[in-house]
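There are two complexes below, and they share subunit A, which is joined by subunit B in the first and by subunit C in the second.
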Partner chain A sequence: MAKREPRRDLWLLTPGGLLMTLIIVVPLLLAFYLSLIDLDQYTLRRWLDAPFAGLDNFAEAFGSGLPHAIGISVSFAVLSTVATVPFGIAAALATQNAYRGRGLVRALFLVPYVLPSFVVATVWRTMLQPDGIVNTVLATVNIDGGLWLSGPKSYWTLVLVEIWAAWPFLYLMALAGLQSVDSEVYEASAIDGAGWWPKLTRVVLPYLRGPVLLACLLATLNHINNFTLPYVLFGAPAPDDVNVMPMIVYVTSFQSLRFGLSAAMAIVSLLLIAIPLFVYLRALRLDVHEEGGRR
Partner chain B sequence: MSRRTRHAAVALVLVAGLAGCGGGDGGGGDGATLDVLIGANTQYPQEFKAWQQSIAEQFKAQTGASVRFEEFASANDELTKIQTSVVSGTGPDVYAVGTTLTPTAYSTGAFVKLDDEAWGKVGGKDKFVPATLGISGPDERNQVGVPFVSRPFVMVCNTELLRAAGISEPATTWDELRDHAKKLTRDGQYGLAVAYKDNYDPWKFVWGMSAQAGNPLVDGRTAKVQDPIVKQAYETYFGWLTTDKVVDPAAVGWTNSQAIAAFAEGRTGYMALTSTTSAKALDSGATKGKWTFALLPTVPPGATARPAGGVEAASILSGDNLLVADYSDDQDLAFQFVKLVTDQQAQLDYYKAAGNLPANAAALQSLQSDPKLVPVAQAAQKSVATPFTGAWADIQLALTNVVVQSIPDLAKGGVPQLDSRLADAQKAAQSALDRAK
Partner chain C sequence: MSASSEAHRLLPRPLLVAVTVILCAMVLVPTLYILLASFNTDLGVASGEFWPGSFSLDSYGRIWTTAGLATGLLNSMLVCALVAVASALLGTVTAYVLVRHTFTGRLTILRGLVGLQSIPGTLMLLPVFVLFSSAGNYLGVTVVGTRWGLFLAYLTFALPFSTWVMVTYLRGLPRELEEAGRMDGASTPRILARIIMPLSLPAIVVSGIFAFLLGWNDVLFASVLTRPSTRTAAVALSAFGATQEGGAVPVYSQVMAAALVSAAPVVLLYLVFQRYLVGGLTAGGVK
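Moving on to the complex of A and B:
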């Protein structure tokens, strides 16, 4: 006789469901609605009566600087993520085994990550001034540093500072992955006479694949959404080379006061972020709860 | 308790809890609390708090009502607050709004238009410096802003360096300023400190020079950014670094505060754009006792006298206006507050606390006994309002963007793409004016 499935009190989900609705669903629907109306400083007061604009805001967004901003944002985010992976894994490997002072090293590695973005950007902005410490040091070896915060080089400044600030996240995820490797696996490979390289590439790294790929996804999304760093480093309006999506949405919304247009830009950004997220989650089946629920 | 009853009770508690999250503003009459939104003062925070306390006590004594000050950190914070208040119909009763933000605030239609009765409640227009009324509204019958404080822009000169260079009086034309700066530039010493990387300074030069030459950048609903006068203004501004070489090359990375700091080191003749709030920094550097304020030139580049149609714009009309929200239940109380803080004594107290010049004419007059403030007071009287249009924020942004995108060229010694950048700015400005309602 089959055991009777216990009755689930689904009503207990009500508080969480209500909060999700209030915090996620309602603002999302509102943003979508705003993207379809001509909402600006003139119509803000009676926003429910603002003229319906259809897809005009989306057309204007694509006709203005949005495609350029998307290109900059995506390339900046992908580059930053790819560059942080080796740093993160190397740091995790360096702090995996116990040694004297390991706690201090681990704490130091986390410093860039725990500093607020505002502080990181302010410090780097000061160092990268035309007469700042970076150019002063470069001048001692006859290198003209030039402008780090304006023009084409500003893009590389953004990438470098983001790498500096974000690599500990990859380190943390890789370290968590390393600690989940069973000690028996190391012992078995040692008994088999595996050297450090085969052990690294055939034993350790396969274990890290899941956590590191997840970290890459989350880090890329964080980079794409990072507003504080470019805003504090370069100010608004930003140089064209670092006019990333959050900056263009911010300027459109809070300096040009075109809320409908900026909502359309934000929706496009959201879709852009949602596509790789969806594909990745489906491909890797990271939703383990569904699997766990199967009997 | 049945399952259904239990569910209903939980839902009721949740709804009640969520409803409880919403706050209630308002109230009115005796014993009411007036909410005032005002910009934070990061330079003199203690003195500013003491002024707020003093005003609150005076207001309580006069009206029996309390004042609650809420501070904002930046113009963007203020704009966000205005937006949310406009949409929700609740929020502060009185706003201290920057002059260049006043057209934007006006365009929302959320503030009380000041008729004769309203002006009477705050003490009449006559009590204010006439120039400060220039950005209260688009015309005399549609004013929303009561002048609160004035922050006119001026130059600051290093008197010791000017004397050593044989310069007896500060420059009064832009060409003369360039010539003075050339005389002052030698051996690690520069003639001018300019904040090219600042997000607020550059457009003020361009607007000032253009207005002096007869082009206020907006003519009705037409933008006039792509104009030889404006081009000459940009060329003059860039030329100080690229052709005249009277500015430290590092200035391409300077904000206004960095330019002030560079001037305060004592190796620069003029700092081209500042206000009274920089006095503290100037007195704490190598310039202590060696500096004086001076009016910005009022004759456009390439001229020895203002052409017909040119205006004597010594500064943009800069400062704060007080606006009363039309959703406020305590408008009479709000006007009493506005009257209190714009009366002579309160204005002088505020000057002492925060370093901002009074908009009250009698209070400003009484400060002219301080010789250092004479040029600043003159600048306040000769300030000219920027065009009163809701499109101004975008126009300002477009003018600034020309400089932001030109900085790499500027560092290389020339700005060959100025024409195309001016064309972009013209397009952005015209588009904003076309949208204006």
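Moving on to the complex of A and C:
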């Protein structure tokens, strides 16, 4: 590759780089500083003069609701991811072979995915009201639905609505994985006379392991960071059982006005997602060779 | 031919039918109810009807005054359309430099582009809010509560993904396409505008639409960075859904209508650009 390097116009990076530095990198560093000062509604206007608090905010965070929020967030994220995998794979397998009306089915599968989160949360919130349609339907089979949006059942409401909204992501990623199965592989297994189950588990599913694992990683990150769904479903402050990390960080900031404490909680949540994120970044091949490289 | 398609069949027919029916029902039943409820009356929905006693567009007429949806939709449209255009253009320029040149720190930037997408919004919100209000307190420039403050925030958060989409696309464009322009001594901005951008229109569309969706779907930043006159459709709808409960007659039909109207632009975008979007989605792995 002894090609002549074209003129280097690195200045073109300036506008994008400046924006990302000013509104992502600087705030990120600022978040660390804010977590170390005693910042409330009185000191906010002149935050440069706010008293230094050391690690007090972190100590207070761990002494209050943060460990509970971490537990809820992690279990919610993992549970939602695990539950969406079978739906996603089944949907991908069912739409892989062409049949009349498949286009319509594929479009339908994307509906929960396409709808904005705040719309999904609003309509489910309405349907799950004590006098809403869900309880009306359950009453016809003599089940008392009770309260979905407060109390211990709210956790399962959050998980179920998240599953409803998120499984198409797994479906899309599994579908992309299926495209990579070579045609000869099917033909070879047909010649061997393999039945559908051995063919599926021994031939097709191994192809899906990579894409599905990647999808799980990304989905878990998305679930952990999801603020819109709990916020719109339950309102702020959220019931104790769905007080996930994004909610507790938000409420501590903009309702309790304990900004320093909230920044400390946010830093802890960053450290938590740094683990799966690190795995993802390591696995990602960044420098695929420019020309003729696979997409 | 039929033997070959038989070899490609993944699931036996009964299982295929069962899986398809279950998944379709899971999506279709709530969606159908939302649609039907929006064409019902508030009274009809409150009495627990699935199928409306009478169809009417009443709810679609009322939400403009009750939910304040017009302001919200207009603000969302303005901000997000601008974000889409700006983010796609900036993303293309940035990606071009990252793909065509090698320089120290390039891999760090590429890795950063992906990493930045996963930073929780709740971590960014407070420092961004502090910075934006400092612009008011220390410099006398009002940013919090304005549309362009929201625009700046969304543009910046959309940029890593927009750039990443363009990076993956531009990698596939052969260098030879630009050589002719280089020979004629055209400058890089000119080559970008005349050669690169027309050739990468599909990817530009994807990165623009995802930037649009990022803004349209956001509740977190909009709930803090807007005031009533600048609030977005997302904030207007969530507020409407939350405040209308517990009244004598719940306005569930209007909530459903308002929800569908807020989703309409997004659904429309997907319908028109479905082919591009699904590909871009799995490439970037982002919602």
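Note that in this section the second predicted complex is superposed on the first by the 254 of 295 C-alpha atoms of A that agree within 3 Å, B and C clash if a C-alpha of one lies under 4 Å from a C-alpha of the other, contacts with A are read in each partner's own complex, and residues count from 1 in each chain.
Assume a residue touches a chain if its C-beta (ideal position, glycine included) is under 8 Å from a C-beta of that chain, and two chains touch if they have at least 3 such contacts.
These figures come from a predicted structure and were not determined experimentally.
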Touched partner set for A:A238, first subunit B, second subunit C, both or neither: first
Touching partner for A:L257 - first (subunit B), second (subunit C), both, neither: first
Which superposed partner A:W164 touches (first subunit B, second subunit C, both, neither): second
Partner chain(s) touched by A:T136 [first = subunit B, second = subunit C, both, neither]: second
Contacts of A:L44 with subunit B and subunit C, given as first, second, both or neither: both
Subunit B versus subunit C as contact partner of A:I273, first or second or both or neither: second
Subunit A: partner with more touched residues, subunit B or subunit C: C
Which superposed partner A:L147 touches (first subunit B, second subunit C, both, neither): first
Which of subunit B and subunit C A:L34 touches, first, second, both or neither: second
Touching partner for A:I72 - first (subunit B), second (subunit C), both, neither: neither
Residues on subunit A lying within both footprints (that of subunit B and that of subunit C): 15, 22, 44-45, 47, 129, 131-132, 235, 254, 259
Contact set on subunit A toward subunit C in their complex: 3, 5-10, 12-13, 15-17, 19-20, 22-24, 26-28, 30-31, 34, 44-47, 87, 90-91, 93-97, 105, 107-119, 121-127, 129, 131-133, 136-137, 164, 169, 172-173, 175-176, 183, 186-187, 189-190, 196, 199-200, 204, 214-215, 218, 221-222, 224-225, 227-228, 231-232, 235, 245-246, 249-250, 253-254, 259, 262-263, 266-267, 269-270, 273, 277, 280-281, 284, 286-288, 290-291, 293, 295
Partner subunit B, residues of subunit A touching it in the complex: 11, 14-15, 18, 22, 40-45, 47, 129-132, 146-147, 149-152, 235-240, 251, 254-257, 259
Of subunit C, residues touching subunit A in the complex: 3-12, 16, 19-20, 23-24, 26-28, 30-31, 33-34, 37, 45-46, 48, 50, 90-91, 93-94, 96-103, 107, 110-111, 114-116, 118-128, 130-131, 133-134, 137, 152-153, 155-157, 159-160, 163, 168, 171-172, 174-175, 178, 182, 187-189, 213, 216-220, 223-224, 234, 237-238, 241-242, 245, 250, 252, 255-256, 258-260, 262-263, 266-267, 270, 274, 278, 281-283, 285-287
Residues on subunit B engaged by subunit A in the complex (per definition of touch): 7, 10-11, 14, 18, 76, 79-80, 83, 86-87, 104, 107-110, 197, 199, 249-250, 252-253, 258, 390, 393-394, 397, 400-401, 404-405, 407-408, 411, 432, 435-437
